[in-house]
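Labels run A, B, C and D following the written order; every chain starts at residue 1.
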Amino acid sequence: MSILVDEDTRVVVQGITGGEGKFHTQQMMEYGTNVVAGAVPGKGGQEVEGVPVYDTVEQAAREEDADASVVFVPPAFAADAVFEALDAPLDLVVAITEGIPTQDMAKVNKRLSEVDTRLLGPNCPGIITPGESKLGILPGNIFESGNVGLVSRSGTLTYQVVDNLTSRGIGQTTAIGIGGDPIIGTDFIDALELFEADEDTEAVVMCGEIGGEDEEDAAQFIAENMDTPVAGFIAGRTAPPGKRMGHAGAIVSGSGTGTAESKIDALNDAGVPVGDTPNEVADHIEDFL
Amino acid sequence: MKLHEYQAKRVFADAGIPTPASALASSVDEVVDAAEEIGYPVAVKAQVHVGGRGKAGGIKLADDREEAEQAAEDILGMDLKGYTVEEVLVEEAVNFKNELYVGVTMDRGEGEPVAMVSTKGGVNIEEVAEEDPDAIAREHVDPAFGMHGYQARKVVYDAGVPREVASDVASVLSTLFQLWDDRDASDIEVNPLMITEDDEVVAADAVMNIDDDALFRQPDLAEMEDETYEDDLERKAGEYGFDYVRLSGNTGIIGNGAGLVMTTLDLVDYYGGSPANFLDIGGGAKADRVANALDMVFSDENVDAVVFNIFGGITRGDEVAKGINSALEQFDEIPKRVVVRLAGTNAEEGREILNDELVTVEETLEDAVQRAVEYAEVEA
Amino acid sequence: MSILVDEDTRVVVQGITGGEGKFHTQQMMEYGTNVVAGAVPGKGGQEVEGVPVYDTVEQAAREEDADASVVFVPPAFAADAVFEALDAPLDLVVAITEGIPTQDMAKVNKRLSEVDTRLLGPNCPGIITPGESKLGILPGNIFESGNVGLVSRSGTLTYQVVDNLTSRGIGQTTAIGIGGDPIIGTDFIDALELFEADEDTEAVVMCGEIGGEDEEDAAQFIAENMDTPVAGFIAGRTAPPGKRMGHAGAIVSGSGTGTAESKIDALNDAGVPVGDTPNEVADHIEDFL
Amino acid sequence: MKLHEYQAKRVFADAGIPTPASALASSVDEVVDAAEEIGYPVAVKAQVHVGGRGKAGGIKLADDREEAEQAAEDILGMDLKGYTVEEVLVEEAVNFKNELYVGVTMDRGEGEPVAMVSTKGGVNIEEVAEEDPDAIAREHVDPAFGMHGYQARKVVYDAGVPREVASDVASVLSTLFQLWDDRDASDIEVNPLMITEDDEVVAADAVMNIDDDALFRQPDLAEMEDETYEDDLERKAGEYGFDYVRLSGNTGIIGNGAGLVMTTLDLVDYYGGSPANFLDIGGGAKADRVANALDMVFSDENVDAVVFNIFGGITRGDEVAKGINSALEQFDEIPKRVVVRLAGTNAEEGREILNDELVTVEETLEDAVQRAVEYAEVEA
């Protein structure tokens, strides 16, 4: 089993005619993802990688019975593309785009509270259910099907941890990048809830980083609601206050919230072992299984 | 992107928020002329992007020509936390009986803007937030509707603002919210908003930070950007377009992806070293970006060794390897030892391409970091 | 019994310091309405008719444990006042104000879909549970406690029909004016649903008028969901197309919808007798009881 | 409040919607001058607030000076459904290959604005809506968010607008929505939006109606209001501030409250009479409003008798009675018979005050209406 996506997920690629959209459509299809349509205004009627392109997401969803989309649309237009997918409506929208204005995302966030659609991202690598389907830009070859769920705010850090797992023969049910922006759709708690409900997921890795209080909230959720064991990793222990560490969300505020220490403490208090290195995270997971 | 006080005040004044009479000056003569024109007392305020200007000596009051001259001489050209003061704002000093805080920011936890008002203005609001959180009234704003008029009034009355000025303060807050919304601000605040003896409100300071990701649609604000950096390295990072943060250690770090680079820093620290910087070269790193990244860490005098950590997803290991080779081949002598770790897409091919004479290759993240820390210790 | 308001309803008057607000506060209190507070920005600390005034509705609700408000605020500021009451939150908001811009009401309408608060109006005479409480401007003396519910888009027409009932000794459980504007809060169906659920309401009068399709929708609701008998009246049989008959909502569109004929037919089809005169409505109600 | 075509086009053009070259003219010479300036062919279009101008002869094409002169002579001063044409718009006649409909209105059933696009432009959209509803694509807009960019595109593609012009049409629609929202429009439309041979879009007609209740915050639009009325009675109603609609019957009607007045009209008809008007004097009717209302119905030549129906809630019967007495006492001879029915607050006191020599008093609505119809029949 898996969460959110599997071999039956029917995917629309928004922005399929752009460079990134085209490349990753090919990559996704090679991996086995069921890409059924593209959506780009004004490009309806074209084909990309043999996939029909529609002018609107709603048309694509209707004609091709799609239920998910991946958004490769430039930042200035990405929030509009997400709204389009939310209102189509689709079940799942994965927004890869980095650099969407925060106020646009606040509006998207408001809409999310009104619809049943789930958003992953933005500024995320996507989601993969190894051997079945990937939506996004994750390198499929490092993943392996198995029993560990993974949720992370970061892209390459996710790959690092997955690599540590896979190299020990520990596979994954589903791996989710929730994105590094201050305002995102699916958060740790949402993902943890799904993994908790998934019968095949026997342990979960949660990779957090400095900034915000999502990890602290997740720790509380784990303590109160989860039987499935969770191991954690927090990036940014050495980050100085007030500096943005790459991700728009990765900033330790001057007032002492959002620090790695606070997050690690919260996770430890919730019974979640936090690795000092990515490899130590894999050690903890190995212990759980 | 931060606006200077004088820039933010212009934006506020254009939107109808009362601000004191003021003029920008970059020489002692200009300061004195401005002060004479405005009338004493005046405040002379350094225009640099650092917090706590006042405590650091960047703000001085002047009651007459002589004091204005002295203040100008003291402040112009001074070093404020690494930044040289090149411009000052000369401003009418306002008599006041109360100082308020009025601001709008994004509450990332809620994903909504929040308007804040406090009668404890004039001091760092983050300190107030910690020491006396109830002294700040807050009102969340639905981003689809924007701020309703009643919300501005509510937060003002909740903060305990005197009724005589409540309506004017609510009006300032409404305008701030409108600016926040229209101009893609991340933070906007007036602190202090002064209440004069005549119950007039005056914005005595002004903060307006713009969401970098939204500058494309705020071209006039983008033009106001003051490209001053703490040092040449930050300037280079700006030119190269890297996410870069300088730290105080001696192990230089280059990697791809914010989370992985942060992790590399953390591991340097974990293995007893000291990170010199955060440098994310981003996805799909091409040869020129690799060369630029190496140029940056090599230019940092504190750096004694470098760890180059790439996990290829989109980024291909063989391309990175070629970039590293070609960048390092240009040196007669490579200035610092470089440890490279390649993983992910085409990592094996990359490791084969890498020239062992130029770099040390390690397979795992842990080994690479430990090796770099070791080199750095030796060189230190 | 009654619906929505009774002697325990604790009422805030928004705009209590204005002429209308003050007058009707006095009228309401004379009738027995439990007016516990007023809300007018900048007038906090004052008293009107012995009632304490607060600067915000939220303060009034908190300090005086209020659960309903009546809005006597000029049109330019009325929508903001309604938002304030919805967000306080109160359980019931009665907006008397006539002439609120339609786009303001569209925004209010959107907010209504997000909250549990019920709005009556705007441009309505209010609501009365005879002998217990009235919120609004209805003349209390023509009402009498009894077993007939009444819902109407119009003010004085309501009084007319009530007069026809009361003069025969037929009293009312609750009478509701839903307002004559194109966009209103509580509509016919909402009110009919409440009357249907009210044990003491044995028959219902529904007074509609030309414009829109609310009466047609209500007819369908009655046919499908109501056991309590309903008698109807439709004003505007002689109204020419395209002209606004006083109420902003009372306009027969050029395309033939919104006519009195269409509404009367729909009601008749739903088994609802429609009186040719207000007095005939009372005849029908008398037959039901 | 309706804007004239030329007014709406100015608003549209200022917002960036392409409109044909045009000029307003109020004399034959001005028409010819404008036509010469613009270049033939031109359209000469009556600027009056009536629908179906074209069919009624209010729009004429002119290929040369002579035809322009003729068109001007024909149209200027003509009577269009009761309105005299005083101004015409002289406009470049655009060659087109397609005519679209693009508009935004309030869907009162949903309580939301709805954007509409159809490739069946150039004809009355309400006819299209009835005959071929699928020919109009609709998109509801969340009033809190406003129209998203994708929604404009969606409705344009759904309508089957050719892909070559879809983006331009979507842009016109986005602008129309923005105007609708910013300017408190109740309806806004371009019909037809012409597609030229070169795939340019041009707004060949323009409709913009403003919500009367929002005019207070649209002062510049309120100033554009053209206070032309079908007749003196409508003008008087406007001056007195009454909700008034003139009908063709001979029983004059005055009442308070829209629903009750409508009901009074209906009862006049029900009892075999014929209503002459709808006149709502509103709540709390004071003596001068009563006098003004009587002045209006007395001024209507068609009226043979009047029914005055007041149900007092806020309005007090005794005050209304006094108003009626004092208004009627000013006449040497009362021009029409007046039947008065007072109910509700202080109705009894009112009935006692009323002067039986001036008016006929009835207790019930039914009796009052029947008596008035009877009088009207006798006088007719």
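Heads up, the rule we're going with is that a contact is a pair of C-beta atoms (placed from the backbone, for glycine too) under 8 Å apart; a residue touches a chain by one contact, two chains touch by 3 or more.
Please read these numbers as outputs of a predicted model, since none were measured by experiment.
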Given chain A and chain D, the chains that contact each of them: B
Distance between the centres, which are taken as Cα means, of chain B and chain A, whole angstrom: 28
Distance from the mean Cα position of chain D to that of chain B, given in whole angstrom: 56
Residue numbers of chain B (touch at least two other chains): 142, 144-145
Of all residues in chain A, the ones touching two or more other chains: 107, 111
Contact graph of the chains (line, ring, star, complete, other): other
Parts of chain D lying in touch with chain C, wherever the complex brings them together: 106, 108-109, 111-113, 126, 129-130, 142-144, 181, 184, 186, 211, 213-214, 216-217, 243, 245, 247, 255-263, 265-270, 275, 278, 280, 283, 311-314, 343-345, 364-366
Chain A residues within the chain D interface of the complex: 41-42, 44-45, 55-59, 77, 80-81, 83-84, 87, 107, 111
Chain A residues touching chain B - in the complex, by the definition given at the top: 75-76, 99-107, 109-111, 125, 137-139, 141-142, 152-160, 163, 180, 182-183, 207, 209-210, 212-214, 233, 235-240, 243-250, 253-256, 260, 276-279
Interfacial residue positions of chain B with respect to chain C in the complex: 145, 148-151, 153-154, 157-158, 163, 166-167
Chain B residues within the chain D interface of the complex: 142, 144-145
